[in-house]
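Quick one: this structure, given as structure tokens, is what I'll be asking you about.
In this document, chain identifiers A, B and C correspond to the written order of the chains, with residue numbering beginning at 1 in each.
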Amino acid sequence: MANSMTLAELATRISARLEGPGDAVVHGFAPIEDAVEGQVTFIAHGKYNAAARISRASAIIAREAVPGASATFLIAANPYLAYATAVELFHPPYRPGAGISGKADIHSTAVICAGATISAFVSIGEGSTVGAGSILFPGVVVGRNVRIGSDCRIYPNAVIYDDVVVGDRVILHAGSVLGSDGFGFAPSATGYKKIPQVGTVEISDDVEIGANTTVDRAALGVTRVGRGTKLDNLVQVGHNVVIGTDTVIASQTGISGSCKVGNRVMIGGQSGLAGHLEIGDGIMLGAKCGVADSLKASDSKVWSGIPVMPHGTWLRNAALMPKLPELFRRVAHLEKDNRSKGDE
Amino acid sequence: MANSMTLAELATRISARLEGPGDAVVHGFAPIEDAVEGQVTFIAHGKYNAAARISRASAIIAREAVPGASATFLIAANPYLAYATAVELFHPPYRPGAGISGKADIHSTAVICAGATISAFVSIGEGSTVGAGSILFPGVVVGRNVRIGSDCRIYPNAVIYDDVVVGDRVILHAGSVLGSDGFGFAPSATGYKKIPQVGTVEISDDVEIGANTTVDRAALGVTRVGRGTKLDNLVQVGHNVVIGTDTVIASQTGISGSCKVGNRVMIGGQSGLAGHLEIGDGIMLGAKCGVADSLKASDSKVWSGIPVMPHGTWLRNAALMPKLPELFRRVAHLEKDNRSKGDE
Amino acid sequence: MANSMTLAELATRISARLEGPGDAVVHGFAPIEDAVEGQVTFIAHGKYNAAARISRASAIIAREAVPGASATFLIAANPYLAYATAVELFHPPYRPGAGISGKADIHSTAVICAGATISAFVSIGEGSTVGAGSILFPGVVVGRNVRIGSDCRIYPNAVIYDDVVVGDRVILHAGSVLGSDGFGFAPSATGYKKIPQVGTVEISDDVEIGANTTVDRAALGVTRVGRGTKLDNLVQVGHNVVIGTDTVIASQTGISGSCKVGNRVMIGGQSGLAGHLEIGDGIMLGAKCGVADSLKASDSKVWSGIPVMPHGTWLRNAALMPKLPELFRRVAHLEKDNRSKGDE
């Protein structure tokens, strides 16, 4: 159930400045065009000012008040961040009661810390530990010698293979897989021989991993995902990849084996990185990028295309591509002109 | 076990006109080159006429009889549709017995309607309902306050998060995930702060969702998939996306947050849509499209490329691309010619 | 726990020639820069010779000894293969004890051969068989009339639909799905009608299938993956696809329905094949390929691009693409020149 509070209380709790009356009681959030009395909304851009003026929301979180709007404003320097904090106040994430379901299967040597929740049909292998306050939803499978930190949320049917280490406050969405074998085979006279993948995976604190995303264990050593990094759904992370801190990788992107992706990198959806590349700190890759070489922010901060080029070049190219047939005609015309001049 | 019937009976049941004897008993389907006596096949194109003449099938569903073929013909205006109906007669989908497995875990407040099947290791949360005749195969996890309509088939290990609504006759394939958190984070001085995703997902009647496909819940409001729409395997649907009715989206396509995809749209495999776009009714996107702007059918019904352009333009481009090195040489040659003329 | 042995014993067991003392005991593997005394490493390329000279590893598997290195060398014609064999000696794959968990759900008609392991929360349907020595990890769901060969490893939460056949020594990673319905619908006046997918899937011996990869059952007939073929994570294989032997398909690739992919084919990540294509034996496709037509090795062994072209052409194109804006300017300049000459 959502909480409710006065606007004055809300303003205090999200460190916003109240502009307008603070006594109305609000109980939840809605998009600006749907919000009604008793609800809060937010605007991050001036383009929503017109919508703000006709909104029926009781309050609007914004960088500055919109003249002509009847709502109370909650003024914040970073409205999106204030909004995130406020939504959390109204809708704190659901916590099932702590304890171990009688329908779980926990190895006798596994350690489940106080306050953890182990749901039905969860399997936890020999020597593994689950930290305080962590929630394992139904169907989660944890292998042997796995360490899961505290206050994690591991959604249904996620799978963690043997020896993987998961930090604190990590969120793993449904169906995500940590520690599957990297893709390595040695050609031989009788077909491919599997290279045993005997390394592991380490997921740092505050990482979130999307539904059905896969992170392969290292061949030797460790595949790492750094603190605060967020992976969207259906992302592939190959063996021995190292991803830095506060990096954001959108859906269906693939990072091939042994890549080093820096800190605060942003990668658009459906992008692909070839193996053994380094992507420098702070680089932004557009959607559907194909990256075949290492990239430095000093060459370009933003890259796009297959293969990637600086984003500005790519934009010019993209505009010209539909004119390519015309260019061929123009060149043929010039050649004809030159020939006819040669005949003169 | 497959059923069997006479050709005359089959013709009646699929509303086809019998051309040839109707007394042979048939018991199943096979591709035209493999079919033997007692089996039925179908042809949708004249290019299979030669195969029809030498086929050993007892009957062929077709738009018109093929002269010289020995099989009985079952003439239908839409042979593919008649074939679909006929296959279903022979191979009705398997239905496990109704009832709740003693190895399921059902919250005491959940409502399981008569005739539903709840298999082993299925988990159903507080306040959720499962409609009459719906089948939940083993390992399916249903969160809290979920509504599942009647006559659904939910294949093993599919996951439905809290509050999601699923209509009637919906098929969810194995490992699909409905209602995982949308990908939204507010940058802050200490790293990304998660935007709580407090909306939900609504799946309309007659939708089919492929294996390991993911549909994220809305940040606020609802992510919707409209009546009769079909999503293939490994598709990603972002938060707050709205997809219309009778739309077909092929494998590994990604629809970014807040897109509105119209009715009767067709999207080829591995396509990607940037966020907040509108794709008009009836539009067709080729495979591997990259869509960065909203598209209207009045501009072009069919689009291809990265970024997309009208399909005809793209076809011409695709043919010219391998000639690009030659074009550069031709232009260099023209420049040399001009220079040498300038020297004259 | 890893094993340990002398270098002389290791050399014998991997059929390598010892160059240097063979009495040191080694107990595991590490990358060349991390390895310490008691560990083995390997080099496959001369570019690691400098690293070999300063490595603290007790032994190095290589094609030839590196002068100046202090480690013992284990000389092998195929160092990568020798390494694979050696890693397996030190780290044999974990085998849980044989037997059927009391928390599994096995139909009374299913046959579990001696030496198989059936873990908790595994479900096995009517008439299915699991061969000797096969391991089903927790949460695996096996439908009806499935045949699983011997010595398979089926990782947590993998799903095998009814009637699928799996050979010997097959590895299925977590969340993989075999036998989901192919994507086939007949348009009708009232929306799409599902084409029942009544074929099946056959996975041959020694196949490995990655995490969350999906292989659809045939509409009629069989979807096949040939002996020794390896599919990476998040790959999609459509209905009625036939893949040959010893073929390797990297992550997030999609193979559309009815494609025939030959033997010893290599396909880079995120590639896509349109339906009904034939890819000849031994062909190599780069990453992110878009294939719209059948390919023969006699035309080109290596292909790249969207749509694909011979790799050499694609490389030249990729180098020229960033110069496209310049080419447009050069052509405009030539046209201006010609016009001004026309004015003379």
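Heads up, the rule we're going with is that a contact is a pair of C-beta atoms (placed from the backbone, for glycine too) under 8 Å apart; a residue touches a chain by one contact, two chains touch by 3 or more.
The shown structure was predicted, so the numbers you read here are calculated from the model rather than taken from an experiment.
Asks: To get from subunit A to subunit C along touching chains, fewest steps?
Replies: Minimum step count, subunit A to subunit C: 1.
Asks: How would the subunit A/subunit B interface be labelled, same or different, where same requires over half of its residue numbers to be shared?
Replies: different
Asks: For the two copies subunit B and subunit C, what is the rotation angle that overlays their Cα atoms, in steps of 5 degrees?
Replies: Rounded to the nearest 5 degrees, it is 120.
Asks: Using the average of all C-alpha atoms in each chain as its centre, how far is it in Å between subunit A and subunit B?
Replies: Comparing mean C-alpha positions, subunit B is 26 Å from subunit A.
Asks: Going by the contact rule already set, what residues in subunit C reach two or more other chains?
Replies: If we look for residues of subunit C contacting two or more partner chains, we find 121, 139, 157, 175, 212, 234, 252, 270, 306, 321, 327, 331, 334, 338, 341.
Asks: Which subunit A residues qualify as touching subunit C in the complex?
Replies: Listed in rising order, the residues of subunit A that touch subunit C are 105, 121, 123, 139, 141, 143-144, 157, 159, 161-162, 175, 177, 180-181, 183, 185-188, 191-196, 198, 212, 214, 216, 220-221, 234, 236, 238, 252, 254, 256, 270, 272, 274, 290, 305-307, 309, 313, 316-317, 320-321, 323, 327, 330-331, 334, 337-338, 341.
Asks: Quick check on the complex: what are the subunit A residues that touch subunit B?
Replies: 29-31, 34, 78, 80-81, 83-85, 87-88, 90-91, 93-94, 101, 103, 119-121, 137-139, 155-157, 171, 173-175, 206, 208, 210-212, 227-228, 230, 232-234, 245-246, 248, 250-252, 269-270, 287-288, 306, 318, 321-322, 324-325, 327-328, 331, 334-335, 338, 341
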